[in-house]
Amino acid sequence: MSSKKIYDYQVNEDLALFVLIKAADVRSAKNGKKFISFTFADRSGEISAKFWNASEHEISEFQPGKVVLLKGKRENYQGNPQIKILHLRLATEFEPNDSSLYLRQAPVSFEKMESEINQTVFEIINPNWNRIVRYLLNKNHAAFFKYPAAKKNHHAFAGGLAYHTLSMLRLARAVAKQYPVINASLLYAGTILHDMGKTIELSGPTATTYTLAGNLIGHIVLIDEQIVEACHQLRISENQEDVLLLRHLILAHHGLLEYGSPVRPHILEAEVLHQIDQLDASIQMLSGVLHHTEPGQFSEKIFGMDGRNFFRPSEDLKDPSKK
Amino acid sequence: MSSKKIYDYQVNEDLALFVLIKAADVRSAKNGKKFISFTFADRSGEISAKFWNASEHEISEFQPGKVVLLKGKRENYQGNPQIKILHLRLATEFEPNDSSLYLRQAPVSFEKMESEINQTVFEIINPNWNRIVRYLLNKNHAAFFKYPAAKKNHHAFAGGLAYHTLSMLRLARAVAKQYPVINASLLYAGTILHDMGKTIELSGPTATTYTLAGNLIGHIVLIDEQIVEACHQLRISENQEDVLLLRHLILAHHGLLEYGSPVRPHILEAEVLHQIDQLDASIQMLSGVLHHTEPGQFSEKIFGMDGRNFFRPSEDLKDPSKK
Amino acid sequence: MSSKKIYDYQVNEDLALFVLIKAADVRSAKNGKKFISFTFADRSGEISAKFWNASEHEISEFQPGKVVLLKGKRENYQGNPQIKILHLRLATEFEPNDSSLYLRQAPVSFEKMESEINQTVFEIINPNWNRIVRYLLNKNHAAFFKYPAAKKNHHAFAGGLAYHTLSMLRLARAVAKQYPVINASLLYAGTILHDMGKTIELSGPTATTYTLAGNLIGHIVLIDEQIVEACHQLRISENQEDVLLLRHLILAHHGLLEYGSPVRPHILEAEVLHQIDQLDASIQMLSGVLHHTEPGQFSEKIFGMDGRNFFRPSEDLKDPSKK
Amino acid sequence: MSSKKIYDYQVNEDLALFVLIKAADVRSAKNGKKFISFTFADRSGEISAKFWNASEHEISEFQPGKVVLLKGKRENYQGNPQIKILHLRLATEFEPNDSSLYLRQAPVSFEKMESEINQTVFEIINPNWNRIVRYLLNKNHAAFFKYPAAKKNHHAFAGGLAYHTLSMLRLARAVAKQYPVINASLLYAGTILHDMGKTIELSGPTATTYTLAGNLIGHIVLIDEQIVEACHQLRISENQEDVLLLRHLILAHHGLLEYGSPVRPHILEAEVLHQIDQLDASIQMLSGVLHHTEPGQFSEKIFGMDGRNFFRPSEDLKDPSKK
Amino acid sequence: MSSKKIYDYQVNEDLALFVLIKAADVRSAKNGKKFISFTFADRSGEISAKFWNASEHEISEFQPGKVVLLKGKRENYQGNPQIKILHLRLATEFEPNDSSLYLRQAPVSFEKMESEINQTVFEIINPNWNRIVRYLLNKNHAAFFKYPAAKKNHHAFAGGLAYHTLSMLRLARAVAKQYPVINASLLYAGTILHDMGKTIELSGPTATTYTLAGNLIGHIVLIDEQIVEACHQLRISENQEDVLLLRHLILAHHGLLEYGSPVRPHILEAEVLHQIDQLDASIQMLSGVLHHTEPGQFSEKIFGMDGRNFFRPSEDLKDPSKK
Amino acid sequence: MSSKKIYDYQVNEDLALFVLIKAADVRSAKNGKKFISFTFADRSGEISAKFWNASEHEISEFQPGKVVLLKGKRENYQGNPQIKILHLRLATEFEPNDSSLYLRQAPVSFEKMESEINQTVFEIINPNWNRIVRYLLNKNHAAFFKYPAAKKNHHAFAGGLAYHTLSMLRLARAVAKQYPVINASLLYAGTILHDMGKTIELSGPTATTYTLAGNLIGHIVLIDEQIVEACHQLRISENQEDVLLLRHLILAHHGLLEYGSPVRPHILEAEVLHQIDQLDASIQMLSGVLHHTEPGQFSEKIFGMDGRNFFRPSEDLKDPSKK
C-alpha cells in the first residue's frame, strides 16, 4: 500500500489507505434502508463518503474514533471531494490503528510550542501577571497543549489552541516592539490566557463538542473565574489595578458585545489583543481554505468570514520569495 | 419656615427651605467670572440652579453633600424647572443638616425589605442555591441594602438596589405561581443575586460613580466571580449542574449580547429573569417620569426607554380603584 | 388497542392507534413514484411520517382532517421522532372518527375561560372601555373562544387565543396590583382586545392559514378598525381621549415598529401590555418545547426565540414545590 | 418701504419690512433678563432673530401669528442667516396685517389643484375606489387643500398636502402610462388618500403641531379607519378584495415597518406608491434646500435625507433648457 | 409539432417541442448513477427537469447552449413547474437549432432602442457630458445592446441592459419635465452610463457569469475608470466640475454604501438617478413574477424584493383602461 | 521668553509664547459684540481660546496660518484645557514667524521615510506591481510626503500620510514573514498605494479640508483611477490578473461596504491589508489620546473608536522594558 494520504489522490483515482472515522451519522435512505454518512480523516484533511445498505453489525462496528482500511475511488460531488466506498474494514491490531496518527496536528511540535511560550513568560515583568500566567499554564497544562482552538473554522486541530496562542505571541512581539506605547508584559499575559477557557468550554481534541459549562458560561468568563481563583491561591488582591487590567484584556478580547465580550476594550492593550486575535484567526482560516482551492478559482463561501468566498491567484503570480 | 419640599412650590413662587447639594460644577461665564451650576435635592426630587459670580470662598464652601438654606424663586427654563437663587448659606449645626434626610429613599423601609427578602430565601429549596445566596447576601449585606440600582434612570436612590430586587421577587412569585414549568427556587436565587455586583460596580449611594472594576469588568461578571468564590468557601463544586444554572441566570440576565450579557438566556428561568427585570425597571422609570409630568401632557424624551416620550392621561381618566 | 397516545411510545416500539391527519403533502420520489409526507396528530403532539408508493386512490382518501388507524413503528430520524408506517386505513363510522378528539386544546375549559374573562370585564370601570370590550367580545364571541393564537409557535391550538388572553389577564392582574401607577381598567381592556383581530387574520382552528385580510392588513389594524366601528355603533366619539388611549394600546402592543406596530408604546399601560404579551408567549412556547426535550439535553433551535436552543435541566433538579 | 422680501437682503444690508411672527420663544439670558427668540417669515422663507431685554408687555404683544414691522440688519451667525433687530412694532389696521399674506404657499393655486385632482378622480374606473375617494375628498375637503404635508422638511407650507398629492399624481400618471402592468385606477386612488390622515394628525397650517390622535395613532391608521367607515356609509363591504387592496396601499405606503407602516407592500401598486412618494418628497425637499444654498457650495446637513449635505453645482453648469 | 411554447402547456399535459438547454448540472443520485439537472428555456420562460441515469455520451452531448427536441409531460413539483422527460435528442441541422431563437428578448427591437437612446444623446447639451457619453456608447456598442442587465432577477434577458437603460430614460424624461430644478442633460448622461460597466462585469448574454474583473472590481468602478480614460482620449480634464458631477452620478447610483456605492448621492440628480433605477428594476422584476402567478394568489418569495411575496389581484379587478 | 510649549504649562500658570493660529471662527456674543474662537497650535498640541470684543481690524489680522505672540493663562474649562487671552499680537518679521515651525510633524524625518519606503519598493518582485508603484510614487511624490493621513483623528499631522504608510509597511513585513501563504510583493504594493488618493481628496497639510473630488469621488476610487491611467502610460493591460488583484486591494481596503469600499476583500492579502490598516490607525489614535490623559484616568470619548473612552494605567504599571 502506498503512503499516499487521502488528499493526494486525483479525482477518479482508485485508492486504498488507512483513515480515521471522524464522524459516522446513520440515516435512512428513501428506500427505507440505513446508510452511514462518514467523514474520513488523515493528516492531509477530511473527506466525506456514503456507505449504503449498512447492516446493524456494520453500524455498531464503524464508530467515530476507529481506524479503518478504506478502498474506493475519489470522486467529485457538486464541487466537493467525496469517496465512493468499494470496501471497508476495521484496522487490525497489527496495522497502524492508533487514532492519533490520523489527527491533524499543529505544524509546530509540542516541545517547541511549550519552549517558545515559556520563553515569553520570562518576559512578563510584572510579578502578579507573571505568577498568574504561570499558575494557570501549570494548572491547565495538559489540555492547553492538546486541545484545538475551535470545533471548526480556524485552528480546529489537535494542539490548535497552543498553536494559535503561539502565533499570536509572535504577532504581539512584533507589534509591541514597533509601538513604544504598548505594555509588552500585559499584552503577552493577555495573549497566553485569552483562550485558555476553551479547555473547559470544549470536550477535547477528538469528536469535539461544547460542554454544559461551555454552553451556559462560555470560555471568556470561565478563564476569568480561574484568574480570580488564582489570585486567591496566590494571595494577590483580585481588585488591584494590574489584576483588573489583565481580567479586562481577557473579558474584552472578542472586541464587540455582539461577539460575546461582556465589555468592549477600554485599554490600548485590550484593543490590540482583540485585533491580533482576529488577524491570526483570519489568516489561519484562509490559509486552510485556499490550500484546498484550485489556483485561478474562488473558494466555497466561508462561514467564519461573513460568508465571503476568496480567490486563489494563478500559480504564476505566486510569491517567488517564498519556497 | 414651612415644611414644603422643593417640588411643592409653584412656578414663580418664592421659596425658602433646606436642601442638599447633589452636584456643584464650577464654570466660567462668558464675562470671565465663575459661576456654580447646582443640582439641589430633597426627597421630592432634584432641581438645578445657577449661582452667579461665585467667590473662591463660596466655591470651596458649597460642596456636594452639604446641606444649605436656599432662598429664591421657582422658575421654568425651556420647559424644565429651575431655581433663581436669591440667598444661599450652609446649614448650621442646630439646623437639619444631616444629608441622609434629603436623599430619596426606597418607598419601603430597610427592615421590611430585609425581612421580605429573607422570607424568600427560605423558599429556595435546593441547598446549594440556598447556601450560595445566603453566603453572598451576608457578605454584601451592608452595601446591598444601601446602594442604588443605578447612577441614574430607574431605582437611582438609596436602597434602590434592594428595592428593585424586592419588587422583582414579587413579580417572580406571581409568575412562578402561575406557570408550573418554572423552577421557583432557581428564579428566586437568580433574582436576589442578579444585580448584587452593583455593590462593587458603583461607588455608593451618594455622588454615585463607576469604580474602576465597574468600568473594566462590569457588575454581571463581578457577581459571577463571587459565586464561584462562594462555592470554594462552601466546598460546593463550581462545575456541577445546579451551580452552572445559577451562574447562567446571572450572566444571561441582560438578555442580549449587545446589552452586555456574555451569553443569551438558554434556560427558561434565565429568560423569565431577564423579562421581569425589564418589566420592573420600565415601570419604575416611567412611574418616576410621569410623576413629574403634567396630566394631559407628554413627558420629556426618556433615554432609558429608547428616547420615547410618554403621555400622562388626564386626571379624570385616573384609575378609580387606586386611591 | 391500548389508550396510549402517539408521544407515549418509545423509539422502536410498535404502535397501533387512531390519529388525525394534520397535513398530507404529495411528492414525487426520485424513482418517479408518488409518496405522501404526513403529519399525524393527537392531543400528545404531532409526528411526521412518509407513505411510499401512494396510489391515486390513497392520495384522494388520506386527506387532512381525516382520522386514520395507524400501525407502524416509532423511529428517530436525525434527532426528530418519526413513524415508519406499516399499515394505514380510514377510521370507520363505528370508531372514534371525530377530528376534534385529536386536536390539542387549551388546558382550561371553554366555560372556565369565558367565566374568568367575563369576571374581568366587570372590573373595567371606565364605561367606554367597558362597553367597547363587551360589544366586541360579543361580536366575535364564537371565533374568539375557538381560534388558536397563531399558526405555529406559541398557543397554536384550539382555544389558544382565549387561553393566551386569559393567561395575560392573570399577569395583568398581578402587575396592576403591585404597581399603583397602572390603570387596571385600561390594561384589562387592552389585554382582552389586543389579539382579537386574529379572528379575521386567521382562517380558523384547523388547517390554519392567513386570510387575504390577514396578509394585506394584519390583525393589529383589523381590530383597531373594529374598535372605531364599535364607537359608531355605541355612539361614543372615536376621538375622545379614553378611546384614543385604548386604540393606542392595541396598535402599539408589538412594541417595536419592526414587529408591525404602526406606533411604539407612548403610555405606560401600552408598554406593560407589550411586555406581558412577550412574557406569556415566551413561557408558553418554551413550555411546549421543553415538554418534548429530554432532561439534561438541549432542545432544537426555536425560531420564535431568535433561533436559540434551550436546556432542560436534569430531573433531580426539578422544583420539588411543583407536583 | 421697498417691496423686498426678507431673503432678498444681502448680509449687512439694513432692512425694513413687514413680516409674520412664526415662532416666539421666551427665554432667560445669563444676566437673568428675558429675551424673545423669534422666527420671522414671509413668502421668501424664514429667518431667526433675538429680541433682548423683552418687557412683559412686549412678550404679551409679539405672539406667533402677528404681523410686525421689522427694522434691522441682516447678519450671518455661524453660517446661518439672522436678523439684528433695531426696531419692532405690530402692524396697524391700515397696514398689510393679514397673516395669510406671509405664509408660504403651494406654487399652484387652490383652484388649479382641485380641478386637476378632480380630473384624476374621473379616471378611477373601479366604482368602489371611485366612491370611497370622492366620499373622503368631500369629507376632508377644507383641511385637505389647506394643510401642509408635514411640520417641517418637505411640503411644510399651506396647501402642501394637496400639492404633494398633485405632484405624485403627475408621477403616477407617467409611470402608469409607461408600464402596462400597473392598475392606474388603484394607483390614483391610493395616491389621493395616502396622506389624507394628516388632516387629523396635524393641527393645521399655522403653528403646526401633532394632535393627540396624531401622536398615539398616526396618519396611516387614521385614514385607514376613515376608509372602513366610508365603506359602512356607502354600503360597500369592507372585506371584499378591491377594498382590501386600497387599504393595503394606504397602510403599506411608508414601505418599511421601521418607517411606521404596519405591513410592507405586497402588491405592485403599493410598492410603486411608496417609491413615487419618496421620489416626490426627496426632490421637493432638496429643491427647497438648494434654493438657499450658494452655487458651488454644499448645503447644511439635511435631517430628512439621512443627514447628508448636498452640493449645488456652479451657475455655468445650469440646465440651459430650463429658464 | 404545435407551435406551443413551454409555458403554454397545462399541468399533466404531454409536450413535444424544441427548447434551449440553459443549464445542465451533472450529479450523482443516491443509487450512485449520474443524472443531469436541466434548465430548459424558450421565450416563454424557463423550467427545470431531471434526466435520470445519464450515460457519459449523453452528458457530453447535452451541453448548455444546445437546442434539443424534448418530449415529456409538464408536472408540478412542490408548487414549481417541472418537466418529466420521456425522450430527448439534439436538434438536427434541418431543425430550428439556432440558440438565439430561444433566448428571451427585450420587448423592444434593437433598432428602436438604439434610435431612442441616440435621440436622447442629442438632448445632452453640456458638450463634455455629450462627448463622453457618445465615446463610451460607441466603444461598448455591441455589448451594450446585447447584454442582460443582470444574471438573474430583473432584466435578465438578451438586450436587458439597453432595455433597462431605455426604460429609465423614459422615467428620467418625465421627471425632468415635471421638476424645473433637475438638470436634464446630467440625468440623461448618468442614466445612459450608469450600468454600462456590466459589459465588463458579466460574461455575456448566454450562460451569464461574473468575470474576474466583475468579482474583484464591480461594474460601478469599472465604468468610472472608463469615463476617466475617455476624458484622456478626448482631452477633457478629469478634475473639472462637470466631469466630477457625472462620475459622482455613476459612483453613487446604488444609493447606499451597503449596496456597493463608494459614495452616497450628494447632488440632486444622483439621488434621482438612484431612485428611478430602483423604480424601474422593481416594476420589471414584479412584472415578470406576476406574469407567472395565478390571479388571486401570492407569488413565491422574491429574493430581490427582500424576500417578500406579492399578490396578483383577481382578473375582474384588472385595469380596464389597459388592453 | 522660555522655550516651553503650549502643553508644558500647568493649569493657572501664566504663559507667553509664539503659537500658530490653526482656526479662527468669528461669532457674535449674546451682548451683540463679536468674538473670535481660536484654536492655537504648536508641536505639543492644540488648545482653544476665546478673544472677546474683537474689532474689525483684529478680525482681519488674526487669520488661520498666522503666527502670533500669545500672553495669557492656561485654564481648564469643563475638563478641557483652554487659554485665557491677556494679550495677542502678530509675530514680526524678526521673530519665529514661519508657520511650519508650529505644525506637528511625523516622528520620523522625511528622508528616513522616503528611504525606507523606497527600500520596500525594491522588494516588490512582480514587475507590473513594481512599475505601477514607482510611477505613482513619483507622480504624487511631493504631496505624498507632506500630506496628513486625515483631517482629524489618526495621523492628522504633516507627513502623516507617509508615516502611516511606513508604519503599516513595518507591520506588513512582520506579518508576511510570519505567514508563508502571504504574497509579500502584493501586500507591499497595496500598502504603499492604499491611501495615496488622499493627496487628491484633501487640500493639503494646513487648514486641511476635503476637495470637491474628495467629497464626490473619495480617495479609494481616486487612486484606483490613477492605477488604471498608470497602466495606460506604462502599456500594461489593465485587465490582466495581477493588475486586477492590486486594484482589488486598494478598493477593498476599508473592509466593509459601509465604510466606503465598493467591494469587500476577496483575496487574502486584501483582508490582511484592511486589518493592518485598522491596527496601525487604532494604535496611533490611542497613542495620541493617552498622551494627553492623566495616568489613572479615563480619556474623553473618542469618535474614531466608536465613542469609547480609554483608561491610562497608573505610572507604576508602566512597561519597564520601554524607556
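The chains carry the letters A, B, C, D, E and F, assigned in the order they are written, with residues numbered from 1 in each.
The criterion applied here is as follows: a contact is a pair of C-beta atoms (placed from the backbone, for glycine too) under 8 Å apart; a residue touches a chain by one contact, two chains touch by 3 or more.
For each chain, UniProt lists the protein as follows: A, B, C, D, E, F = CMP-binding factor.
These numbers were taken from a predicted model, which means no experiment stands behind them.
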| item | value |
| --- | --- |
| Count of contact steps on the shortest path from subunit C (CMP-binding factor) to subunit F (CMP-binding factor) | 2 |
| Required minimum of steps from subunit D (CMP-binding factor) to subunit E (CMP-binding factor), each step between chains that touch | 1 |
| Intersection of contact partners for subunit D (CMP-binding factor) and subunit F (CMP-binding factor) | B, E |
| Subunit B (CMP-binding factor) and subunit C (CMP-binding factor): spacing of chain centres that average the CA atoms, whole Å | 39 |
| Geometric centre distance via CA averages, subunit B (CMP-binding factor)-subunit A (CMP-binding factor), whole Å | 45 |
| Whole-Å gap separating subunit B (CMP-binding factor) and subunit E (CMP-binding factor), where each centre is the average of the chain's CA atoms | 61 |
| Where subunit E (CMP-binding factor) touches two or more other chains, by residue | 30, 212, 215-216, 241, 245, 266-267, 298, 311 |
| Every chain pair meeting the contact rule | A-B, A-C, A-E, A-F, B-C, B-D, B-F, C-D, C-E, D-E, D-F, E-F |
| Residues on subunit B (CMP-binding factor) engaged by subunit C (CMP-binding factor) in the complex (per definition of touch) | 123, 125-126, 167, 170-171, 174-175, 178-186, 241-242, 245, 264-268, 271-272, 275-276, 278-279, 282-283, 286-287, 290, 298, 305-306, 308-311, 313-314, 317-323 |
| Residue ranges of subunit F (CMP-binding factor) in contact with subunit D (CMP-binding factor) within the complex | 25, 27-28, 30, 32, 212, 215-216 |
| Residues on subunit E (CMP-binding factor) engaged by subunit C (CMP-binding factor) in the complex (per definition of touch) | 29-30, 52, 75, 77-78, 84, 298, 311 |
| In the complex with subunit F (CMP-binding factor), residue positions of subunit E (CMP-binding factor) that touch it | 200, 212-213, 215-218, 220-221, 224-225, 228-229, 232, 238-239, 241, 244-245, 247-248, 251, 257-263, 266-267 |
